[in-house]
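Structure below; questions to follow.
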Amino acid sequence: MIAKRLIDQNINLPKVSAPVANYLPVTQSGNIVYISGQLPFWEGEKKFLGKVGHTITVEQAQEAARLCGLNIIAQLDYHLKGNLDKVVRCLKIGGFVNAISDFADHPTVLNGASNLMVEIFGEKGKHARFAMGAASLPFNVAVEVEAMFEVLP
Amino acid sequence: MIAKRLIDQNINLPKVSAPVANYLPVTQSGNIVYISGQLPFWEGEKKFLGKVGHTITVEQAQEAARLCGLNIIAQLDYHLKGNLDKVVRCLKIGGFVNAISDFADHPTVLNGASNLMVEIFGEKGKHARFAMGAASLPFNVAVEVEAMFEVLP
Amino acid sequence: MIAKRLIDQNINLPKVSAPVANYLPVTQSGNIVYISGQLPFWEGEKKFLGKVGHTITVEQAQEAARLCGLNIIAQLDYHLKGNLDKVVRCLKIGGFVNAISDFADHPTVLNGASNLMVEIFGEKGKHARFAMGAASLPFNVAVEVEAMFEVLP
């Protein structure tokens, strides 16, 4: 049971809220769920602002990616009415790293989100992904991560 | 009826043409439609060239995002043989903003495309999305937007 | 038969290996296959490092995109146990070009990958796509390409 695993591993999910604009945090078609790009915020408080390779270290950026991942899971949990056991697999994550132009270690940064998926879902958490370097990101956050999941009907 | 709503709201779609290369503006698998990244062109005429935060303002970039959105809808309309009533929902849009490195207002820019989806499709137009900052974009356009829709068979 | 077409056209696929991290090169849900962002490596040897428009020309970047495409096909071939005839169509590719901030010719670069899909799969290889400019990419590669395919069950 995923809810128990979160408690056992001391993983706390943030409370989430819907965007105040004409889009949604989550959409679903059939058994595929799409999660909007999540930012490294904790319940509205902005964390990890800055440029990776300049004011943000790789270690901090990895934490930022993990926090994006926590928001992804929180949005998914809300969408599934608290039943994360309906997750069949994490299909894909897309990672944007707000980095200087010669930054090269995007994979390490994104492992912050990838590792979280496997901590929570085990083998079902293993996903396809891309990791790339953005020139800028919303609110000057260091990392943004989007995701897709397959879920039970 | 969506065609009537476009007229009532005075929303004109551009005429679209297929890319002159080995790719397509639209592909479909089952009931999911994928729209290639659309640029802020009006029937071949390039609009909104430049860097957001430098030669392009946030307001202009929002208009650019709306124009990308109009091209998305025009491609979708052509794919659906003029029957936009087959749209079940807009699932996701992906927004690339060609901005300076400390630009932070990508969400406002992308609202140009998001608002258009809701003007045209109402609640069905609400989608998941990501908004990120590109270092450069094709033809130096200010904004590029890709999209996915669920449609009736 | 795709395997014969590869031989006839003298297209060699690299041997591929799985990432040494908590993600996968390929995931599948139903008949849709997601391929992780592929880099211009040949069996582990890094090729085409640098910034397009500075140390990498458009022609070199196009070769880099083709090499990303070869890795995509190699991963897909491995996933399909050597039976590329199960490919129904290439649905979408996403292309990230590590370019200087006034670079504008991303479509030409991505044609390296798009042309490869059509050389291998013919009309089934035609896909939706986006092409955008990254500020940086993993290992300083010039190009990264992700992809989605529809396959037979």
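Residue numbering begins at 1 within each chain, and the chains themselves are lettered A, B and C in the order written.
To be clear about the criterion, a residue touches a chain if its C-beta (ideal position, glycine included) is under 8 Å from a C-beta of that chain, and two chains touch if they have at least 3 such contacts.
What you see is a predicted model, and the numbers here were worked out from it, not measured in a lab.
J.: Between the chains shown, work out who touches whom and classify the graph as line, ring, star, complete or other.
T.: If you draw each chain as a dot and join those that touch, every dot ends up joined to every other.
J.: Are the interface residues of subunit A and subunit B largely the same numbers on each copy, more than half shared, or largely different?
T.: Copies use mostly different positions to touch.
J.: Cα superposition of subunit A onto subunit C: how big is the rotation, rounded to the nearest 5°?
T.: 120
J.: Quick check: how many Å separate the C-alpha centres of subunit A and subunit B?
T.: It comes to 24 Å between the two C-alpha centres.
J.: List, in ascending order, every residue of subunit A touching at least 2 other chains.
T.: 30, 101, 133-135
J.: Quick one: in the complex, what on subunit A touches subunit B?
T.: These residues of subunit A touch subunit B: 19, 21-27, 29-30, 34-37, 51, 94, 96, 98, 101, 133-140, 144, 146.
J.: Could you please specify the touching residues of subunit A with respect to subunit C in the complex?
T.: These residues of subunit A touch subunit C: 30-32, 88-89, 91-93, 97, 99-107, 111, 114-115, 117-118, 125-135, 148, 150.
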